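Following this line, the structures themselves.
Both of the next two complexes hold subunit A, though its partner changes from subunit B to subunit C.
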Partner chain A sequence: MAEQKTLTFALMDAPFEQSRTTTAFRLMHIAAKRGYKINVFAYEGAVGLPFNLQKPHANAVHGRSLEQENHPLPKDWVAALMRETERNGGKLDWVNCGLCVEERGAADAIAGVRRGSPGDFLKFAQESTNTLVIATK
Partner chain B sequence: MKVLQVIESAYRATIEEQDDTVVWITHAMKGAGGDFTVLLRGNATNYAVLGQDASGIVFGDWKQSEPPRIDKDISALIGKGVDVYLVEEDAVERGLGNTQLVDGVKRVRRAGLPKLVAQHDQVWHW
Partner chain C sequence: MARYVLIESRDPLEASEVAGYYYDLAAGLARDGNDVTLFLVQNGVMPARFGARADKLASIVKSGVKVLADEFSLRERAIPRDRLATGVAAAPLDFVVDQMAASSKVIWH
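For the complex of A and B:
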């Protein structure tokens, strides 16, 4: 049996601002499908990705109700990836930078997200097959 | 594991953060036992310029008492044993060719980057 790979991602962008985060989630999705272990260190605005109070909305411009619009929420993407990794024998360990959380009042995260520090990111990287930084530009 | 931290995005939220967030996290991870080199490229080459002063921000009755001091943060990194490089051509393009830099910052030409990269296990581009 092949050795289980571990990938670490450092994300930095806040939700709903750009497409880098979507790309990161696409990459994580592939890794999840392959049963990889995935570590995420959410730094700065990225701690908002699993923020529990995100709410979907209807969209009058699109002419769609709340249900029809089915507005994407990054917190749901994180939860879905957690489920996907577990289904395939992997695990998604998501660490939010604690100081970044405090700056933003974003402590209310979905289940499975834990608070950490840059030391956790370093440990993730040291224990991983490889690490990808997707920084704010 | 030796990591090359390539810093390119510059002055992003440095007033609010009171520092550069990548310089900061490098300090933090160095403190946690990491082995890092920093490469300043693009606009971030300005981080190596000595004597930056971002003080004086006032909004109404709110005054910033502790502005970012990025040159000092770079100097402190060097003091902790982190090698800090600057891409020579990027600095020259920005008129920093003859500017006084933070003591200990090393200049590297673009042609020398492959050798620098090869000395590291991982490259993190911020």
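For the complex of A and C:
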């Protein structure tokens, strides 16, 4: 049986802002489908990605209802990624930088997200097959 | 010889360090005998269009850097895969995950 790979991603961008977030989720989705273990260290604005109080909305300007707008929420992407990873024999360990969470009042995260520090990122990197830092610009 | 995958997410026309620094880094690593792939994603695929004024990208192809462009990013921008610059090939994002799993040195820009 092949050795299970572990990939770590450091994310820094806040939700709803950058294409980098979409690409990061695409990369993690590929890894999830392969049953890899995935570690995420969310730093700075990225701690908002699994923020539990995100809400979809209608779009009055375009005359679309809540259902028609079908607004995507990053917290749902994180939850889906967790499910997909587990379904394929992997595990997603998502750590939000604690100080970044405090600064942004973003402590209410979805289930499965834990609070940590840059020390967790170092530990992730040391234990992983590879690490990719997707820094903000 | 090390394997490098340099990911470029920006168009050289939106950030001067793309061609002025990152492409040079790729070429330099290749000149030093490393196996280097420049993987273009998001707006990074824009100079990969056939006919784009992207002399610097053409020069790093000549220096031995393999240049790939993310299929999804190309489709988003209506760039057909048969209309890419010489030396550039379309590839799925899976390539990056493959290389991460193979312990290549993967760097995002």
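Throughout what follows, the second predicted complex is superposed on the first by the 135 of 137 C-alpha atoms of A that agree within 3 Å, B and C clash if a C-alpha of one lies under 4 Å from a C-alpha of the other, contacts with A are read in each partner's own complex, and residues count from 1 in each chain.
Basically, a contact is a pair of C-beta atoms (placed from the backbone, for glycine too) under 8 Å apart; a residue touches a chain by one contact, two chains touch by 3 or more.
None of these values were measured; they are calculated from a predicted model.
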item: When subunit B and subunit C are modelled together on subunit A, clash or fit; value: fit
item: Touched partner set for A:Glu44, first subunit B, second subunit C, both or neither; value: first
item: Contacts of A:Pro118 with subunit B and subunit C, given as first, second, both or neither; value: first
item: Touching partner for A:Gln126 - first (subunit B), second (subunit C), both, neither; value: first
item: Touched partner set for A:Thr136, first subunit B, second subunit C, both or neither; value: first
item: First (subunit B), second (subunit C), both or neither touched by A:Ala80; value: neither
item: Partner chain(s) touched by A:Tyr36 [first = subunit B, second = subunit C, both, neither]; value: second
item: Partner chain in contact with A:Ser19 - subunit B first, subunit C second, else both or neither; value: second
item: Vertex subunit A, arms to subunit B and subunit C (CA centres, degrees, nearest 10); value: 60
item: Minimum C-alpha spacing, chains overlaid - subunit B and subunit C, in Å; value: 5
item: Footprint overlap on subunit A, where subunit B in one structure and subunit C in the other make contact; value: 130, 133, 135, 137
item: Parts of subunit A lying in touch with subunit B, wherever the complex brings them together; value: 10, 12, 43-44, 117-119, 121-123, 125-126, 130-131, 133, 135-137
item: In the complex, subunit A residues that touch subunit C; value: 5, 7, 19-20, 23, 26-27, 30-31, 34, 36, 129-130, 132-135, 137
item: Contact set on subunit B toward subunit A in their complex; value: 1, 3, 8-9, 12-13, 21-22, 25, 28-29, 31-34, 122, 124-126
item: Complex contacts: residues of subunit C adjacent to subunit A; value: 9-10, 15, 41-43, 72, 93-94, 96-97, 100-101, 103-104, 106, 108
